[in-house]
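Please find the structures below.
Two complexes come next, and they have one chain in common, chain A, joined by chain B in the first and chain C in the second.
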Partner chain A sequence: MSEWLESAITRAQGINDWLLPKRANAIELLSNTKWPTRKAEAWRYTPLRSVERSVAKAINDVVGLSPVDITDLSAIELVFVNGKFDATQLTKVLPKGLSISLGKNLDSAQQKGALETFSSIKPERHLFGLVNDALAQDVVVVTVADGVDIAEPIRISSLLSQGGESHTRVQVTLGDGSRLAVIEDVQAQGDSLNTAFVEYHVASNAQLEHYRFALQTGSNISIGGSHFNLLDRAKMHSTIVAFGSDLSRLDTDIIHAGEFADAKLNAMYLLDGKELFDLHATVEHAMPNGTTEENVRCIAADRSRAVFNGRIHIHRDAQKTLAELNNRNLLMSNTAEINTKPELEIYADDVRCAHGATVAQIDKQALYYLQTRGISRSKAQVMLNFGFINELIDLMPNAALAEWVRPIIRERFSQMEVK
Partner chain B sequence: MTEQIDKALAREYEAGFVSDVESETFEPGLDESVIQRISEMKGEPEWMLEWRLSAFREWLEMEEPDWALVDYPKIDFQAISYYSAPKSMKDKPKSLDEVDPELLRTYEKLGIPLIEQQMLAGIAVDAVFDSVSVVTTFRDKLEEAGVIFCPISEAIKKHPELVKKYLGSVVAKKDNYYSALNCAVFTDGSFVYIPKGTRCPMELSTYFRINEQNTGQFERTLIIADEGSHVSYLEGCTAPQRDENQLHAAVVELVAMDNAEIKYSTVQNWYPGDENGKGGIYNFVTKRGICHTSAKISWTQVETGSAVTWKYPSCILKGDNSVGEFYSVALTRGRQQADTGTKMIHIGKNTKSTIITKGISAGKSNNSYRGLVRMNPGADGARNFTQCDSLLIGDQCGAHTFPYVESRNPSAIIEHEATTSKVSDEQMFLCRQRGLDPEKAVSMIVNGFCKEVFKELPMEFAVEAGKLLEISLEGSVG
Partner chain C sequence: MSNAKNLLTIKDLHASVEEKQIIKGLNLDIKPGEVHAIMGPNGAGKSTLGYVLSGRDGYTVDSGAVTLDGKNLFEMETEERARAGLFLAFQYPVEIPGVSNLEFLKASVDAQREARGEDAITSADFLKEAKAACKQVNLPIAFLKRGVNEGFSGGEKKRNELMQMLLLKPKLCILDETDSGLDIDALQVVAEGVNSQRSADRSFIVVTHYQRLLDYIKPDFVHVLSDGKIVKSGDASLAHELEAQGYAWLQKEPAEDELEG
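Let's look at the complex of A and B:
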């Protein structure tokens, strides 16, 4: 076991609050965990040396950090600063049917319910999910009542100071037939380490619109997860936009626990410098008639490393499932690296499942075509790169977010040096 | 329809019988003295024994791999006998007439008319009955062309310079658990050397047979195609029925020098176990080839047998412009488990690889494709195309795909696609409308599904493979 994990366990043992049973369970599992080497399948391409070496420390100061402004976006702000929930930034009056509360402030009946659902979607195999179970203190519980449509999105921001370490956790429950949009965002300064996990319980006929942005780059370690449980006819649409950092790892798990559930996941990540980004996306079709559509696109430049693991698991009972995964990668330099592994594990016969993966560089003919139209090679490259990603941005349901992220991505491309 | 399925699934293994040839068999168990005895029995030189022992020492330090999607009881390596040879070995037959008639009858029962096959197809057959090569024919014709085709035990004595140079050069001794075990205890196998610029005058063929109860089979095959040469090698197998699991851990190494081409085809139909998965062969095989400049290695396999298959015929595309191909049909039924695929390692410039796999799962079986395509930084302009299709027949089986794609070269292009489906109602309807019974219809659809692979097989094999599939699928129509 690594020193880092030992110290995490020691710190967790000192916490005594309403989550104690879950924490104790996580601590026990962690104590029996072998620190993953490159032989561990889940960390085959993502070495954890930087975590072992991390000197990030918990910071108790909550002042001075606020989420970046997103033009034209009016959201219910749920802000964590250095792992602490900053209630002062939740200024809006909450609409009827929406409740947001720190777990420790819930009444005992509510707490009992929250405890039952806590960590019930996120699989135990996620090592850092367990670390988060053990160390997250300000657990925020969001509940949408049955049939309520929340117009304004909730924005969960995890902000972290230089050299800080934080573990944030949110639990979201959508009641029958309700609607909600959630934006997850991590903004971490240098030499920091964070784990940020959110679990979504989406009840029958409910609809969830989900975004996760990981646009911080540089020397930070950012490990997180978004986990979804879909009941009958539930719908989700998720968009992930990420840049890399020293180590960025995101695990998404989508569980079709009800029939006729529908999941869409569009993920894009753009890596430069020495960045690393690792996306592990798992879809569990446990019930019949579900549909899943995943589009994952990646551009890796300079000395960056991109990792993707897209697993679709069709259980014995999940007949009539339709599941598709499309993974396209552009490799821009011969010092960059793309490792991708789309997996299908199928135990039901009346299903239609497919995955495709490609790795290549920008089409030379397209580049040539643009050059013949008087566009410089580097500009043509940016245009084509942008077009490749923009196809997925166009699919974002929230126009204000799309408008906000587009120039950020364009800027990123113009910085990427073509080698 | 269900009755038909039950009937088909309860089908007896057609090649199932134990023939009564006296054999000389070691007591079960494995230590250095067993390896010394094997080496002694084979009359091997000192360097070979040393090589085996060093592999054995490596093996002791290694752990059994557990990453494949297969489930089987832990193997007791001390409960296996590591050597078994037909007794008539001592006065080795000079021609077919001298071959033990019991042995020949065994082949006849299997429907392998050895003599007929040699005469009609012009194939030189190096038949491995258990672990020792008994018959090697057509050697004169091959010798004329300068081709060496002999049991590897003979090559160790007669061509030590070639064996020393190439044995273990593609699959290192400690490459994996089973290959290390094979290095330590292999008893025999085939050795092929095709000289420069030679096109092997006939297709080379070895029939592997597992016969002695409780005998692990550890074949070792080494094929060297020197510059500009060409060879097509066929490997086929079938085994008698028995109720104890048998371990088979073969190693096949191919070396294709500049501009050479090796085509390696396999039809595998070992005993898959009874309907409860009892018995059946464990097939843990390491097959790998290295391609030098502009060389080509093509693996084609039709896998219908064995209880557990763990097999990844691979190509190391070292030389510029070299080509690797992998065509596979894997059919599992009953409680069979197959985890099979390939590795294409692109090192040289403009290297190309094609992977086409067809997995068919029926009954309560599990069938996985596991493959790796790696583009190294130097693999400028390299190209890979992978297509993995799975077909499910029945709702108790599983079909899985685990492709690893690793690219470090921007000018390399990799395409991977995989689909999973069942025989569609529309296809069945169309066929039945035209008067085909359901069984024929499925057989036809499955044959069509596998066509891309079958067309890569040599003629004789393609016929055998189609027949094998048809028999295996009898009645599996739901």
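Let's look at the complex of A and C:
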């Protein structure tokens, strides 16, 4: 076991609050877990040396950090600063049918319900999910009542100052037939370490629109997850946009726990320098008639490293499942690395599934075509890269977010070089 | 006219693709406002000429000189040649999903404006110009929003090339087998577009296998390209001769390699 994990367990053992039973369970599991080496499949291409060496520490005073402004986006802001929930930044009067509360402030009946939901969707195999179970203290519980359509998105921001460590946790429950949009975001200064996990329970006929931005770069370590449980005819549409950092890892799990559920996941990550980004996306089709469409695109420049593991598991009962996974990668240099592993595991016989992964270099013919029209080689590269990603940006349901992220991505492309 | 300075001068050009020589001593002078047709059998080097002049990777100039407006073409990058007024209409235009036609067209126009020291055109002004160009080449306005050539039919791609020509206003247009894959209606639209752009300060090289296109775009000169050289030149009537005789008379023995499609 690593010193880092030992210290985390020791700290967790000192916390005594309403989450005690779940925390105790996580601590026990962690105590019996071997610290992963490169032989562990889940961490094969993502070494944890940087975690072992991390000097990030819990920072107790809540410094005046606030999330970046997104033009034309009006959102209900849930802000964590160095892991502490900053209630002063939740200024909106909440619409009817939406409740947001710190778990520790719930009454005992509500707390009992929240405790049952806690960690019921996120699988136990996620090592840092267990770390988050053990160390997250300000757990925020979001509930949308049956049939309620919440017009404004909720934005969950995890802000870290220099050298800070944080463990944030939110659980979101959408009642029958309700609608909600949630944006997850991390903004981290250097030498920081962060685990951020959100669990979503999407009840029958409910619709969730989800975004996760992991645009933090540099000497930041971020390990997190978004986990979704879909009941009958539930729908989710998720968009992930990421850059890389010293270590940036995201695990998503989509569980079709009801029939006729529909999941769309579009992920894109753009890596430069020596950045690392790792996406592990798992879809469990446990029930019949579900659909999943997953599009994952990556552009890796310089000496960066991208890891993708996309697993679709179709259980014996999940007849009439439609599932597609498409992963496309562009390498911009000879020293960048892309590790991709799509996995289909099918136990039902009447299903339609497809998966594919490609790794390519920038299309030289297209580059030449643009140049023959007077466009410089470097501008043409930006246009082509942007085009590759823009197809997915165009699918983002929230126009304000798309408009916000486009120039950020364009800026990144202008820095990435073909080598 | 004959005393005017050449717009394009090609002197004893030799060029290869993958170490195989395709252009073997080509000479050609083009003055402003002239339309030259280059005809010839498959494998003669017709498309190669366009690629060499535009500076495509993998096409190597072995010897010879080319000047455009007095400037050494081979000292310029592909994009600089375009900004100097060279335009190649592709036989097979490239599909670029994700880059909208409008964005592509505006970036092209802006790059050339920038080279002339002008500011970028405003989006509103450009949209107006692009819509007019769309109309002129008979493409629905919706094509501006689609990915560059993405899912376009053969004819639509050729019309999109023509639209770029209308917007970029080049000095020298090379039309590489623009007639291939076009039905007679599409051919007329393209020919009308080209004819509308003929002017005293714009020249054309019309590369074609068939005489048909030249019924619509009347050339001032016709050259026969065979085995990398111009073997015969004449006026428009030469095209009709070729149509009647075919290209067989050029070749004592059949070409072994047919590098062009």
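The criterion applied here is as follows: the second predicted complex is superposed on the first by the 419 of 419 C-alpha atoms of A that agree within 3 Å, B and C clash if a C-alpha of one lies under 4 Å from a C-alpha of the other, contacts with A are read in each partner's own complex, and residues count from 1 in each chain.
To be clear about the criterion, a residue touches a chain if its C-beta (ideal position, glycine included) is under 8 Å from a C-beta of that chain, and two chains touch if they have at least 3 such contacts.
Predicted, not measured: the structure shown is a model, and the values here were computed from it.
For the combined arrangement obtained by superposing on chain A, do chain B and chain C clash, or do they fit?
Superposition result for chain B and chain C: fit.
Determine, under the contact definition given at the top, whether A:Gly374 touches first (chain B), second (chain C), both, or neither.
second
One more residue to check, A:Asn398. First (chain B), second (chain C), both or neither?
So A:Asn398 meets neither chain B nor chain C here.
Now for A:Gln111: first (chain B), second (chain C), both, or neither, which partner does it touch?
neither
Does chain C touch more residues of chain A than chain B does, or is it the other way round?
Between chain B and chain C, the winner on chain A residue contacts is B.
Let me test your reading of the model: by the given contact rule, A:Gln216 touches which partner, first (chain B), second (chain C), both or neither?
Touch status of A:Gln216: no partner.
Between chain B (first) and chain C (second), which, if any, makes contact with A:Ala366: first, second, both or neither?
In the superposition, A:Ala366 contacts chain C only.
Is A:Arg352 touching the first partner chain B, the second partner chain C, both, or neither of them?
first
Pick one for A:Phe388: touches chain B only (first), chain C only (second), both, or neither.
A:Phe388 sits against chain C, while chain B stays out of touch.
Considering only C-alpha atoms, give the closest distance between chain B and chain C in the superposition, rounded to the nearest Å.
Minimum over all C-alpha pairs: 14 Å.
Quick check on my understanding: which residues of chain A belong to both its chain B contact set and its chain C contact set?
none
So in the complex, the part of chain B that touches chain A is made up of which residues?
Touching chain A: residues 67, 69, 375, 377, 390, 392-422 of chain B.
What residues on chain A touch chain B, complex-wise?
Residue positions touching the partner: 41, 316, 319, 329, 331-361.
Using the touch definition up top, name the residues of chain C that touch chain A in the complex.
54-57, 77-79, 81-83, 87-88, 90, 93-94, 96-99, 103-104, 107-108, 111-112, 115, 147, 164, 168
Please output the residues of chain A touching chain C within their complex, sorted ascending.
For this pair, the touching residues of chain A are 363-366, 368-377, 379-380, 383-384, 386-391.
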